[in-house]
Amino acid sequence: MAYIGPPITVADVVVRPSRSIIKQSYDARERRNDSSLPFHLGYGNLNGDGFGIGWFPPDSACATADHTPCVFTSITPAWNNDNLNRLATKLESGVIFAHVRAAYPGMPVSEANCHPFQWGRYIFMHNGVVAGFMQIRRRLLAELGDAVYNAVQSFHSDSAVRLGDAGGHRSGIKSRGTAPHSPSLALSPPLRPACSIQAEAGMAPSDVSLLNFVVSDGRSLIATRYVSSADEAPASLYYAEGSAYEREQLSGEEGDYHLLYSDKGSRVCLVASEPVTSAAHDWCEVPANTALVV
Amino acid sequence: MAYIGPPITVADVVVRPSRSIIKQSYDARERRNDSSLPFHLGYGNLNGDGFGIGWFPPDSACATADHTPCVFTSITPAWNNDNLNRLATKLESGVIFAHVRAAYPGMPVSEANCHPFQWGRYIFMHNGVVAGFMQIRRRLLAELGDAVYNAVQSFHSDSAVRLGDAGGHRSGIKSRGTAPHSPSLALSPPLRPACSIQAEAGMAPSDVSLLNFVVSDGRSLIATRYVSSADEAPASLYYAEGSAYEREQLSGEEGDYHLLYSDKGSRVCLVASEPVTSAAHDWCEVPANTALVV
Amino acid sequence: MAYIGPPITVADVVVRPSRSIIKQSYDARERRNDSSLPFHLGYGNLNGDGFGIGWFPPDSACATADHTPCVFTSITPAWNNDNLNRLATKLESGVIFAHVRAAYPGMPVSEANCHPFQWGRYIFMHNGVVAGFMQIRRRLLAELGDAVYNAVQSFHSDSAVRLGDAGGHRSGIKSRGTAPHSPSLALSPPLRPACSIQAEAGMAPSDVSLLNFVVSDGRSLIATRYVSSADEAPASLYYAEGSAYEREQLSGEEGDYHLLYSDKGSRVCLVASEPVTSAAHDWCEVPANTALVV
Amino acid sequence: MAYIGPPITVADVVVRPSRSIIKQSYDARERRNDSSLPFHLGYGNLNGDGFGIGWFPPDSACATADHTPCVFTSITPAWNNDNLNRLATKLESGVIFAHVRAAYPGMPVSEANCHPFQWGRYIFMHNGVVAGFMQIRRRLLAELGDAVYNAVQSFHSDSAVRLGDAGGHRSGIKSRGTAPHSPSLALSPPLRPACSIQAEAGMAPSDVSLLNFVVSDGRSLIATRYVSSADEAPASLYYAEGSAYEREQLSGEEGDYHLLYSDKGSRVCLVASEPVTSAAHDWCEVPANTALVV
């Protein structure tokens, strides 16, 4: 999931909501079932193979400040991680990413494979799978220029390699200046190269890639919801926008959050695989094969 | 779960069965629901806070061989652990323990808190909870003699402290010589001290302790199924016994296993929170507040 | 080591100095040799059993901000930790702690045993050893009130237990208001209880405790340099104070730092087991059995 | 280091010798200094970025036994790892590998990057460095056939990629039948491909590769000591052979070991970067650019 808006603690987005991503790490409700996968993946509700958070640090007066986004990852599950709980209540940012991972066969549990990935001034994460990644990895990598090839953080993760691909094309990662804008929807940017490689490799169109990406440069945010086959459902993706994002009451470790709607327009946007607040009307589904630009 | 019988690979018990403990680590079906616990515990089907295996090494001719049981533990989930997968297919033993952990509040995720625990020539694990452990820990520890107190591996785990308690009393851990015997059932050994301490501490009888212990010295095995209140159900516990434990077919990574019944009598016994083979008639429920002695 | 002064990135204190604590983690030069310890401890130059950083978050306008200090710990060595390198260049604070650990026998490598420890609004760390900790642990713990006893993060670390002791007495952790002050030296606060317990336990005075503590509430900082025997040298401790702490040049990952001395008085203070800047005249040794109050 | 001979506990080779590889993990004495590396590498005595052990399981009567070698790796240092200490005293084997790692820049600390590597019935490890690996990685990988490419465990380790290279050529990994033989020395097998790639990439001959490999199929063992420049010293490599390998006395956790020499000929061989026993005459240096075949 990702947040863009006024600075807020990471915990308010990642830890404290009653339906936070930490709950989604052991009780995801909308992941597609796929009986060809190992049971703990195909069953569809478990994301316990590590996690990560990413955020853009607040503005700083320090001469030595680093303005690139920061990432913290761990190979233990998100639901019981002391470092996460401590960091989340202290860190504040206007752009926050969080990801809980379900490791696919051939893509080991390691910090380097945990999302989000940081690359220069960008932060990126992926929910889904590149169909037949282990079969087409070599061809995907061959498409990359040397600079991009050497910057890929892991060749053992379909997501990290796709970031390299996206980075090579710089497709769509153009900042729209001051943000957040009213979110707008556009046709998904050209994610074609992987598809043609898959066809070359003899993969059937029924081997479905699910490419829900979120990328940000700290000012804008783009989220895609993409499925490679018109006959299949994409992985779930929702967004919520409003003038403010607030907790119902301040006491307690956990609580419910909601969006406010005033005449000040849209100042906050969240995107997530599953609604994070319990008010269903806060959330809109992103249409299939569409990109959300904030 | 635990196995006692002819030497077998750890994988045949822990990894390969279609309903192995690894599946139980993310899809436990019989854990009690308890809405007072954090969601990922109260929901009841997740044991992802580390795991451990224990086994007695085969007989050795090496002068330097250590005859105490061996333990391997890890804080990452069992379902995606390369060391476990490699070790399990190579290690062989006649007494094998395996445990997947759900960490309760106040009892951190750490290797020292992972079951099974080894103590001299014994190996021990616990499924359940000591009610109000954080409130009565100090009194429980005060009961222990110095030697036992200093041997407790972790004061931050109700189970490790209970092992200390059991060790202090040496209750019931008497070997019955050559094993396995036909399993027999007995009244559970005196687990009273904790109960009286709980009463002193003002805990209501409705604060229920679930004390399913398994302990072995490499020749015998004792498993308890205990609940502190007559009004509540104990944690689940089953056993299966037969003349042999075999895989249906040898191909593939996973498969179904079953017990054989010949006139040679009982030579194999498994105990587990949930049946590990799919043949329901292989398994008997251990009655509440009873100890199984093999 | 610890820093108090104007907000600065954690990296400027912990990572980038040419003689940073990360270098001290594999090349400590002033640790006492002790041939009774396992070789990797007695040899004296290795602190590779995990590390931690602690800091007080900057002031925040967020209603949900948590004003207690934050801690990040890891069981892998500090010299090759990606999370540390990423966090350190992004986090800014006016009070920063960092610690690299050498685990003594009986005190396992675990996140819970890594310094610094956070307790309410305090942060605490220890360099040294409580002599005979495993022999006197039970008596040390018996001295603690219930509230303190239950708050001790680990009973398997002499340092965590000593924090409990210090917390019980609240000795000396009195804030001096706006900070930093000109550092002043005082006789070390009463660390006697452990000593009398050691005597009761029959330990020889030659079993030496080294109690270099640093504690802060975010406004003041107290550092002790204590050895229990007049015949033995304490663990090393230095401080540096000045009007500013600056990097010589801004390029490159690493560099040398120095203190500036203007007429504005003392605004920055660092304490460390070994000088962090290469200008020897920046650093004063804290006398034995003395507390530095900043 | 590696052992081939009669079955023995892993601890007798890896943990208990007074100059065991665990000591070498924090006090390596013969690593080359290289001031171009980060301080903790160039300084030359620290191998704390994870470790691994590998061994061939003893013969088994189990139908489900896996006869490939087993590997256990960890990202925490070898000198304080409870799993290692427990496993080592229980596991017995006639072919044992152990490796302590110093991670080079660009090759992260991860279990997948820890040696030894297992591949089918082979086990492999590397001490040294492929010069300019990050610059030539892409070309090295391009040399590999698809089957080998996809079997490489990590593309982020020069050693794992070199194993792929060696595996592609199958150079020299031919078993000599029953073992161990009297060790014999041969010219090092063709390690040329990497060199010509390095030349193509414009690397100066002074960028030196150090390629000390050890590989075994459980019956034979081959160890190379290779340096790419005639002007530079290779990484250290010694071997010891005799009729038996024994501990001086059986008491205590640690002790000194020595080789025996009887008329029964050579039945034991050890290879190591530094002598593991204190009897200097037990050890012969492997000449530069030579392979030892046992």
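Per-chain residue numbering starts at 1, and chain names A, B, C and D are given in the order in which the chains are listed.
Following the convention adopted for this analysis, contacts are C-beta pairs under 8 Å (C-beta built on N, C-alpha and C of every residue); 3 or more make two chains touch, one makes a residue touch a chain.
To keep track of the chains, here are their UniProt names: A, B, C, D = Glutamine amidotransferase type-2 domain-containing protein.
Just so we're clear, the structure is a prediction, and the values are computed from it rather than from any experiment.
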Here chain C maps onto chain D under a C-alpha rotation whose angle in degrees, rounded to the nearest 5, is 180
Of A-B and B-D, the pair joined by more C-beta contact pairs is B-D
Given over half shared residue numbers means same and under half means different, the chain B/chain C interface is same
Per the C-alpha centroid definition, the whole-Å distance linking chain A and chain B comes out as 39
Per the C-alpha means, the centres of chain B and chain D lie apart by a whole-Å value of 38
Multi-partner residues in chain D (2 or more other chains touched) are 82, 108, 111
Listed in rising order, the residues of chain A that touch chain D in the complex are 108, 110-112, 134, 137-138, 146, 149-150, 154-156
Interface with chain D, chain B side, in the complex: residues 7-9, 11-12, 16, 57, 60, 62-66, 70-74, 82-83, 86-87, 89-92, 111, 118, 247, 250
Listed in rising order, chain B residues that touch chain A in their complex are 23, 26-27, 38-40, 43, 46, 48-49, 75-77, 79-82, 103, 108-109
